[in-house]
Amino acid sequence: MQLSRVIKPVKLLLIALKTGRVSREKYPLGPPLITDSFRGAISIDPVKCRGCGACVLICPPNALTLRFEGEKAILEYFKGRCIFCGMCADVCPVQAITVTREFELAAVEVEDLKEEIVHVMSKCIMCGRPFETITQLKYVKELKLITEKYMNMCPECRSKRVAKLFAMKPGEIFEIK
Amino acid sequence: MSSGIIKEIEKKVLELEGLIESITKTTIFTEIPKKNIKDFAKWLYESGAFLKTCAGVDERIISSKLALYYIFGLDEKGLDVVVKISGFEREALPSIVDVIPGVEWCELEARDLVGLYILGHEDKPRLVLPQDWPEDAYPLRKDVPHNYRPQINVEKFSEELPREVGLPIGPYHPILHEPEYFELYVEGERVVDVYYRGFHVHRGIEKLGESQRFTYKTIPFLAERICGICGFVHSSCYVLAVEKAAGINVPERAEFIRSILLEIERIHSHLLWLGVVAHILGYDAGFMHMWRIREPVMVLAELLTGSRKTYGINIIGGVRRDIDEVKKLKALKVLRSVREEFKRFIDVFISIPEIVKRTTGTGILPRDIARALSVVGPTARGSGLKRDVRKDYPYFAYKYASFKIPVYTEGDNLARLLVRVDEVFESISIIEQLLDMLPKGPIAVESYEIPRLKKAVAAVEAPRGEDVHFIITGLDRPYRWKVRAPTYQNIPALRVMLKDAPLADAFLTIVSIDPCFSCTDRVLMVCDVKSNSKRFMSLFEGRKYAVK
Amino acid sequence: MKYLRLSEKLRRIKRSPWVFHLNSGSCNACDIEVLDTLTPYFDAERLGVKLVVSPRHADIILFTGPITRESLPKVIRALKATPRPRILVAIGSCAVGGGVWWDTYSTLGGFPKLQEVLKQCRIKIDKIVYVPGCPARPEAIIYGLLLALGYIEQKVSKITKFTSQS
Amino acid sequence: MEYINIILMTLIPLFSAPIYDSIERKIKAAIQSRIGPIGFPRSFLQSWFDIIKLFNKELVLTSYGVSLITILELILILITMIILQIALLTSQLYWIISLLITFLSTSTAFSLFRAILLDNPFSSIGAFRGFYITLTVEGFFLSSLIIMLLIDVSIISRILLFCVIAISCYVVGSKVPFDIAEAEPEIASGVYVELSGPLLAIALYSLQIKRYILAQILSYSLLKLINTSNTSVTALMTVLLTPIIWMIFGIVSAIFARTRVDVGPSTLLKVVLILMLLIIATLTVKVV
């Protein structure tokens, strides 16, 4: 009994011997210890993205933001704030967002962690104000939800126009400038 | 749950001119006039209930009053009692601190964060918020934006604070790995008193959960970040509370997956803790081997969920990731090898003479004190209390698994260590059973509706003990969301455990409750049962040691 | 030893980086991943990394957490106690950009905000590396350390993508 | 010729102590299923890298007394080391006595000085704990060393004496379980907590030289055990045996946990006292 108490701690050496070095090729010399289901940084496909903003609404830490600069709508992805939950990929209506397995994101500047998708906005044919991204409009066009005439107007002008139409006398013609 | 006790409570409430708001399967909601709250609390406390927590709520939009909810739990009956008192702004509310001493810090929190005027706490220094926080700014009030940030005065940092005689542990001490401040008062090598100052990790999560930035759908990700070790417990507890409030029936498969992940989290947390204990006792080989055994569990968690920690798969009404056959077989294989390796190594681990000597008979928490302080989790089970939410209030898929609750009666550090060792084996067996029984079906409900102003209390057994979430639903996001982490209940016990103990054991004893301050601080707490006002005042003086 | 240039001092640190783990109110996940980098599967000691317990001994500060107001004075004191040259590795979403709580009332919201306060206190950090991740994987932390020590080149850079119409 | 030998023997510990320390780190890593410092120069020179780097760091002085003590400690340890080399090569009595006196002053007095000087509670506690532990074994250590080296006793007494010396060398070298003076997680680096940059380098270097001296003393008494008389062979053998004993110490320290300050000294005292009683018994038997 006494003897086993003394010998047991030494068994550690046996365990160490049996285990050896758990994985010979360790990161960075070897591959990282990641599985297929690992969620890393997201990648946004600029061709598919329509700038609808669904991902911006769901993103818990607001790592995805949409801002408007003149004629441009910029979808910004800040990896430094991303919590890698992958909700944006789940909600994206066109599967433009894919979750990659990228984790080697270290950078010396915060700016290096940002990614921007620049969308050009379509201008309203009535008031000339940019109101919706061109890609999104194209999609709406494909769906044929509204006629092309209305499509190129911003929502305000559209509602103004509809209101005007109701107020028109029969036979009057409404001109689009 | 017996209807007898409900009748008794109803009778008492009516007798005290209160009213019963609603009765659900597991909870009774009542409102009591504030003058009678002391009598009611006393009666409940004496009939076996213990205080789970209390939550201050700004209800000025609803009833133009500020309210305080006390949440009691009748553990043996599996019944929660939520008692509400309310008053207008600046109207004084009575404190029940002389009936239940443990309520002090939680009332102070309501004072600091919601601005309740509670009698008897007027002169006490600020508890949760930093000392340079402006007066009259109560972050949990609805009219204060969540991103309100007062100016920071850099000059104040260099002010030298008066010297203290105590031995400071923290805020940056290697045994804690978290900024938290303990001060030990020692005579020679013997601890005579201990003082704790927390809230270094107060991040304002509750306010954030009620703010515009979050909705019901995204809060599980926020809840998960309350604590990085037991994050899934918090997100599960949050979704459980919302599902209870809204009456959503979760698919069985989702419940099984949640239970499996909760147990995986318990295994990794316990192995982590055993490693940290080995490290504290100078047994670095133990630390390394324990974490080596733990690593496959982390990889398994990543395989099942997509992330090593903060799994991010809980959503209201189900889960986001399924466990397919391939993953199931892989999981069983990993668990088998973990069990073998752990068995072989733990045999060596608990034979190291220093480990046995230093854990036996140190940091003793007797059963009766453990009961009085209503400690939770392995701390309670190490002191002979058979308390486990998984058995007392069965949730998710635990009713399908057979497992036993390890209980040791010695109440010392070794008992708490052995409870955790046994629980690792139990958890492995629970996961194996649940994986075998995994039912077919969907993993999330298609759609759900969450009615407004429903209340619910949910509890989940975290690796450290009982985690409680209290929720009042609102439009798109909770109206009020209150979290009570397990460490909250256990820290008061440290005072008893550390008293008259040798200094060398103090560090081990602090760690033996597996303190998790990031959980604790979001809420806050710690009741200093025997504190006198002098000690309380010295609370902020010791900061000079902030970093040595 | 003032005659040595900074780059020379950094070269010495490259051979023997001693790290101090500074938690400014993080949720613990990054902190246990930091510990994980030292354990057998990742074994940061291969690079000579040693976890020290006093900021006075440290070369590299492994910084986690969004910096809560309560911990701010203590964080500043710890950074002050670190001898120059100081290298700081900000680990996790919280430390880099504030994470989920980037705009809450009781946090500062990430290291870039802290840096403004540090400037007021005249504390200079010689090199900073940001490691995103929630929590940052042990591999990501090792990668960040390697980047801080100058073993490898940075992989990411600011990307601006234009949609097809432009 | 003799002077060249002495200089050579003095230079070896100066260079090799950190190298042995690096190799010990590799061995410990292997026991912990790790690799440890990797690559050719790193595996053997990691501790040298540490020391060189620390010398290049900024010095933050908290108290002048501490720096004085630290430098004095290094000087006295170096003197001990040189005396030991001379004693090994010449095997003369007065050298050994001066060695013992210097050694006594370095190992106990300094931990006490530090304890008094430092106002950080962690380093004072660490220093006092180190003082308890050293004090427990030092008297027995030095007396058995004197008996071993100066008196010709029976083989059984010599084995017992060797045991006492081996235990004491291990303890004074402050290895786990007796490293409570600088216990890292428990009391935050203990005696070293306030040192920074070059001062820490000096403190670590003196600890490594001290460990070298202790391993060398042990290997010398091991040679005495088998009773070799040729001095130059003895000197060479000690140089070869020292790293082996160092590594054995490393392995032993890897499989134990740290002892407690009240348990450690009392257990030690019991073991050493029993051994000493046995030694006295064997010595008296011989005299009778």
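Letters A, B, C and D name the chains as they come in the text, with residue numbers starting at 1 for each one.
Going forward, a contact is a pair of C-beta atoms (placed from the backbone, for glycine too) under 8 Å apart; a residue touches a chain by one contact, two chains touch by 3 or more.
Note that the structure is a prediction, hence the values are computed from the model and not measured.
Of the two chain pairs examined here, B-C and A-B, the one linked by more C-beta pairs in contact is B-C.
Computed centre separation for the pair chain A/chain C is 26 angstrom, with centres defined by C-alpha atoms.
With centres set at the average Cα position, the gap from chain A to chain B is 34 Å.
Rounded to whole angstrom, the centroid-to-centroid distance between chain B and chain D, based on C-alpha atoms, equals 47 Å.
Multi-chain contact residues, meaning those touching two or more other chains, occur in chain D at positions 31-35, 184-185, 188, 193-194, 254-256. Of all residues in chain B, those that touch two or more other chains are 174, 213, 221-222, 225, 285, 288-289, 292, 295, 310, 352-353, 548.
Multi-chain contact residues, meaning those touching two or more other chains, occur in chain C at positions 39-41, 43, 46, 53-54, 81, 99-100, 134, 137. If you sketch which chains touch which, every chain touches every other chain without exception. Residues 129-130, 132-133, 139, 144, 146-149, 152, 154, 156-157, 171-172, 174, 177-179, 199-205, 207-208, 213, 221-222, 225-229, 231, 272, 275, 287-289, 291-292, 295, 298, 308-310, 516, 518, 521, 543, 546-548 of chain B are the ones that touch chain C when the two sit in their complex.
Within the complex, the chain D residues that touch chain A are 30-35, 251, 254-256. Chain contact summary for the complex, chain A toward chain D: residues 9-10, 12-13, 16, 19-22, 26.
The residues of chain B lying in touch with chain D in their complex are 167-168, 173-175, 189, 278-286, 288-289, 292, 352-355, 357-358, 502-505, 507, 548. Residues of chain C that touch chain D in their complex: 1, 4, 8-9, 12-13, 15-16, 18, 39-40, 43, 45-48, 50, 52-54, 56-57, 59, 81, 83-85.
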